[in-house]
Amino acid sequence: MDSTRYTRGQEALSRIHGHIGQGVMDALGDIAPDFAQFIIEFPYGDIYSREGLSPKERQIATIAALVTLGNAPTELKAHIQGALNVGCSQAEVVEVIMQMAVYAGFPAAVNALLVAKDVFTELNAQT
Amino acid sequence: MDSTRYTRGQEALSRIHGHIGQGVMDALGDIAPDFAQFIIEFPYGDIYSREGLSPKERQIATIAALVTLGNAPTELKAHIQGALNVGCSQAEVVEVIMQMAVYAGFPAAVNALLVAKDVFTELNAQT
Amino acid sequence: MDSTRYTRGQEALSRIHGHIGQGVMDALGDIAPDFAQFIIEFPYGDIYSREGLSPKERQIATIAALVTLGNAPTELKAHIQGALNVGCSQAEVVEVIMQMAVYAGFPAAVNALLVAKDVFTELNAQT
Amino acid sequence: MDSTRYTRGQEALSRIHGHIGQGVMDALGDIAPDFAQFIIEFPYGDIYSREGLSPKERQIATIAALVTLGNAPTELKAHIQGALNVGCSQAEVVEVIMQMAVYAGFPAAVNALLVAKDVFTELNAQT
Amino acid sequence: MDSTRYTRGQEALSRIHGHIGQGVMDALGDIAPDFAQFIIEFPYGDIYSREGLSPKERQIATIAALVTLGNAPTELKAHIQGALNVGCSQAEVVEVIMQMAVYAGFPAAVNALLVAKDVFTELNAQT
Amino acid sequence: MDSTRYTRGQEALSRIHGHIGQGVMDALGDIAPDFAQFIIEFPYGDIYSREGLSPKERQIATIAALVTLGNAPTELKAHIQGALNVGCSQAEVVEVIMQMAVYAGFPAAVNALLVAKDVFTELNAQT
């Protein structure tokens, strides 16, 4: 195991998703422990740890991708939370999703806005 | 015709794509003039003209979407040029595309990098 | 705000979806009021209000698109109801979905038929 | 071989695509003759031969699907020609494609309009 | 009705999915009996009944396709069970899904692994 | 750099794609050298180097995924060649693609068969 990549990935995972990220890794670890490791090493250790874009810009790109895919609401929810964690405002998340209507169609944008609404409602209920 | 939206859209189109944007509108105008008008009014007049995200952040989101779609290389090329026009560096465009390997798969990222390479090569040849 | 497009869009929304359409707009209005307005103005005010295709033909095209996307069951349900509202028979809706097996694959068609079955069952229970 | 389905499929293929359909079947026949047979039997013999939708409504649904897929321009071209063969006007084809911007995004609609423009230009050059 | 294809398809359906396959056919039969028949005849009677690939290789291909589509978890579940029925191990199913991260992105793979986990958990609970 | 993963990935890349794989890496290396390295390390070093599936089974899964994506003909061509390199017959490649009509639709399968036809024609011309 490449401890540098893994450690760096854990830090990025934690910075973006807080303790929730670890929960997903644990759930995957039961069935595919190598894959849980790969997720920490490649997306988080190799990509999100890079310089060249700000953490906020990286979350904007990821939200755009997940809205466009349209079939990963759990990941979209996690990355909307991640976007807020690294400094995006709720209004900025809404702007990114609205813009996706142009590229991925209105249903993709509407469904993503309803996911964002859930995230924002949960956060507001906690405070 | 809503002249405010149209004028605002023309300005956004020109700011992002330069004179190339108008060429696409002219090509569409032959077959679907109302649709050419809608493109200027809705994506450019209603969405890209909004505040709430910087022009650079909007291009990052759009490039992420187009890499994820994977079937619109002409639009991807136009928005890579647009990203450079509004202040993204070539290295930042490459970063966004690399990150998309995580969400849209490696083939989508590889093909988008080759589109970006074409854009950069053309630009470097002009200077 | 462009009152002509908005009014025209409201009429199209109501004609296709009845009072259910307004419920979706209200849910979106909490998080993205501008986007709720855009949906009424562009898809409903600019597109569905056009002549050139019959309302029934437009719903056939939309159902085909939503079955092909395969990730928007809520919108599919709304447009199956819309198709029935503008004069499609239940049998015609089933025909459109069956044909989509050729283009979008059998899982997309099967899942859409199960959505249609839900819509038809609800309608039959009301009468 | 089920001669009824095959014969019925050949008739539907010919009615929709003229002699061009047979050319595609011949090209496929070299590498996958069973698959060429399946295409005639299932999509054309089982689906397009059904009553329940008019030929024009079936082509509207197919064009909507192919615009939404966004990665099959050859098939889109063939079915735009097919739509015209069974009684759609050029303006109606354009309307269907424009409507797809709402569901599949603007790039999908723009690229499909450019395919339609090619079909219409070729047809106009022949007359 | 082509009794050879139907009988052959029923046998393939039963071999892959056991009695669960028939349940899906019954659910579809209420709304689209012709389509239920087509599913048995074409995918199962024409395709899965062919020689040229082993049953295990066919399920590997199908799981890869369903993970890539990302919007058909019910079918994915059915074909993971089918893969186990025709001789794949749980570990092999996991390997196929992990590989799909490369082509369909990490969210598609993660969500498919969680579907597989459900299937495996149900099976283990039965024994 | 993790020399074990890189070396292992180079070996897998070479075993599957021959010297053609290196050509793609060189083309990417000009614009995104880190990404060229990631491709060798993650898909080839981490995934294709694993045991648990035979090389032939892995290529079957990859061809299924690329046919389903439908927008990566260059990668599809490379992996059809790769499948032949690791022991698939031309007939087996055709079987996998035909099966994808069920999941990804007929246009995806037809276009993939035409890609396979090109690969087979080139190979036959060389011998």
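For reference, chains read A, B, C, D, E and F in written order, and residue numbers begin at 1 within each chain.
Everything that follows uses one rule, which is that a contact is a pair of C-beta atoms (placed from the backbone, for glycine too) under 8 Å apart; a residue touches a chain by one contact, two chains touch by 3 or more.
These numbers come from a predicted model, not from an experiment.
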Completion exercise
Going from chain A to chain E via touching chains takes a minimum number of steps equal to 1
Exercise for the section: Would you identify the chain whose Cα-based centre sits farthest away from the centre of chain C? Expected result: F
Fill in the blank from the handout: Among C-E, B-E or E-F, the pair repeating the A-E interface (over half the contact pairs identical) is C-E
Problem - Farthest chain relative to chain A (centres taken as mean CA coordinates) - result: D
Completion exercise
Taking each chain's centre as the mean of its CA atoms, chain D sits from chain F at a distance in Å of 30
Fill in the blank from the handout: In whole angstrom, the CA-centroid distance of chain A from chain F equals 29
Completion exercise
So, in whole Å, the Cα centroid of chain A is separated from that of chain B by 23
Handout entry: Per-residue multi-chain contacts in chain F, two or more chains
Key = 34, 38, 42-43, 50, 66, 69-71, 94, 98, 101-107
Handout entry: Of chain B, residues touching chain C in the complex
Key = 2, 5, 34, 38, 42, 46, 50
Handout entry: chain F - residues contacting chain C, complex
Key = 101-107
Completion exercise
Per the touch rule, the chain C residues reaching chain D in their complex are 42-43, 47-48, 50, 52-53, 57-58, 60-69, 91-92, 94-96, 98-104
Handout entry: Of chain F, residues touching chain B in the complex
Key = 24, 27-28, 30-32, 34-35, 38-39, 43, 66, 69-72, 74-75
Problem - chain C - residues contacting chain E, complex - result: 70-71, 94, 97-98, 101, 105-111, 113-114, 116-117, 120
